[in-house]
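Step one of this worksheet: look at the structure below.
Labels for the chains are A, B, C and D, by order of writing; each one numbers its residues from 1.
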Amino acid sequence: MNNEIVNVSLQILPIGEEEISLERIDRVLEYIGSTGVKYLVGPMETTMEGPYHQLMDIVAKAQDICFKEGAGRVVSVIKVDAKKTGVTMDEKIKKYR
Amino acid sequence: MNNEIVNVSLQILPIGEEEISLERIDRVLEYIGSTGVKYLVGPMETTMEGPYHQLMDIVAKAQDICFKEGAGRVVSVIKVDAKKTGVTMDEKIKKYR
Amino acid sequence: MNNEIVNVSLQILPIGEEEISLERIDRVLEYIGSTGVKYLVGPMETTMEGPYHQLMDIVAKAQDICFKEGAGRVVSVIKVDAKKTGVTMDEKIKKYR
Amino acid sequence: MNNEIVNVSLQILPIGEEEISLERIDRVLEYIGSTGVKYLVGPMETTMEGPYHQLMDIVAKAQDICFKEGAGRVVSVIKVDAKKTGVTMDEKIKKYR
């Protein structure tokens, strides 16, 4: 994949007790916030905007964080929207906000 | 499923030329807006809040709209977050907005 | 949605301890097996073939089973592939099996 | 992510006319077949088994193939099931086949 701007969304589900899982998700969101990429926290997934490989590195590290925080299993649902000429989050949601 | 408040997100992909598909997605979002349920348009999916069966009726009608608008095939990705005691979109995203 | 044959896949994640969640998923798969619809258990989701509303009723009952078995929260990822003229699982995978 | 065995599933949707998109999906499946990783073609997604980074490289190249074949936009839904001690496809589906 080239360096065009894509959208990558991540729904991360560390398997385990609900309260503990929610804390781990909070750690992941803090990490995403620290990366400096543009992102939007949604009710069912967090969407990021940037070059594909940069965002997928973040997705990999997000899963690592869940394991480091003690999860034994992590299920993730990742969506990618990639266009030859690049695609921003704004062009898709601006008229609805 | 009972009448508790759940979150249902819909990513709808009417198969066909990109521009035509985007117009069909707009028709779907107009319809969702007309239903009166609380909803949030995200870059990769639109999330709704309400009783499960009401929201899944909307998901069915959304696909119907794509067919009525001329799509021959429609692929959808639907996510459900359901809690025994009900779950709102706000409780999940308020602290991140 | 009409009565044409569609494909609906379900990934169901009852939130909680891993072993307990796996048992609940087994109950769901037993239920799906009892419905008589054509289905295929995959590593990440179970796909069913039949009329849309019949399959979505099964998806609703599958979530109910998780709650009856004691889950407090259930996250599901549902995919739909619907064609005006109907679509079977075989037409998509036969040449790869 | 470490080198344990994970499951990664890919649903790839090159946006465009249905027949052309199906041909591009065939090219992707031929490529996945050529990589030597264990994989299973399902009706709604293809699941692979192997180390995380190897499988995610394949996911990136799969999207590249769609662009090289002429797609202007590619939407992908990727699922990951990762366990600290590794997880195989068989342990999840053997008793249902």
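Please note the rule applied: a residue touches a chain if its C-beta (ideal position, glycine included) is under 8 Å from a C-beta of that chain, and two chains touch if they have at least 3 such contacts.
Since we're looking at a predicted model, the values are computed, not measured.
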item	value
Joint neighbours of chain C and chain B, given as chain labels	A, D
Chain pair with the higher count of C-beta pairs in contact (A-C, A-B)	A-B
Cα-centroid distance, chain A relative to chain B, in whole angstrom	20
Centroid spacing, where centroids are CA-atom means, of chain A and chain C in whole angstrom	26
Residue numbers of chain D (touch at least two other chains)	72-73, 75, 77, 79, 81
Topology of the chain contact graph, where touching chains are joined (line, ring, star, complete, other)	complete
Complex interface listing, chain A residues touching chain C	13, 15-18, 21, 72-73, 75, 77
Residue ranges of chain D touching chain A (in the complex, touch as defined)	1, 52-53, 56, 60, 63-64, 67, 71-85, 87
Contact set on chain A toward chain B in their complex	7, 9, 11, 29, 40-45, 47, 49, 77, 79, 81, 89, 92-93, 96-97
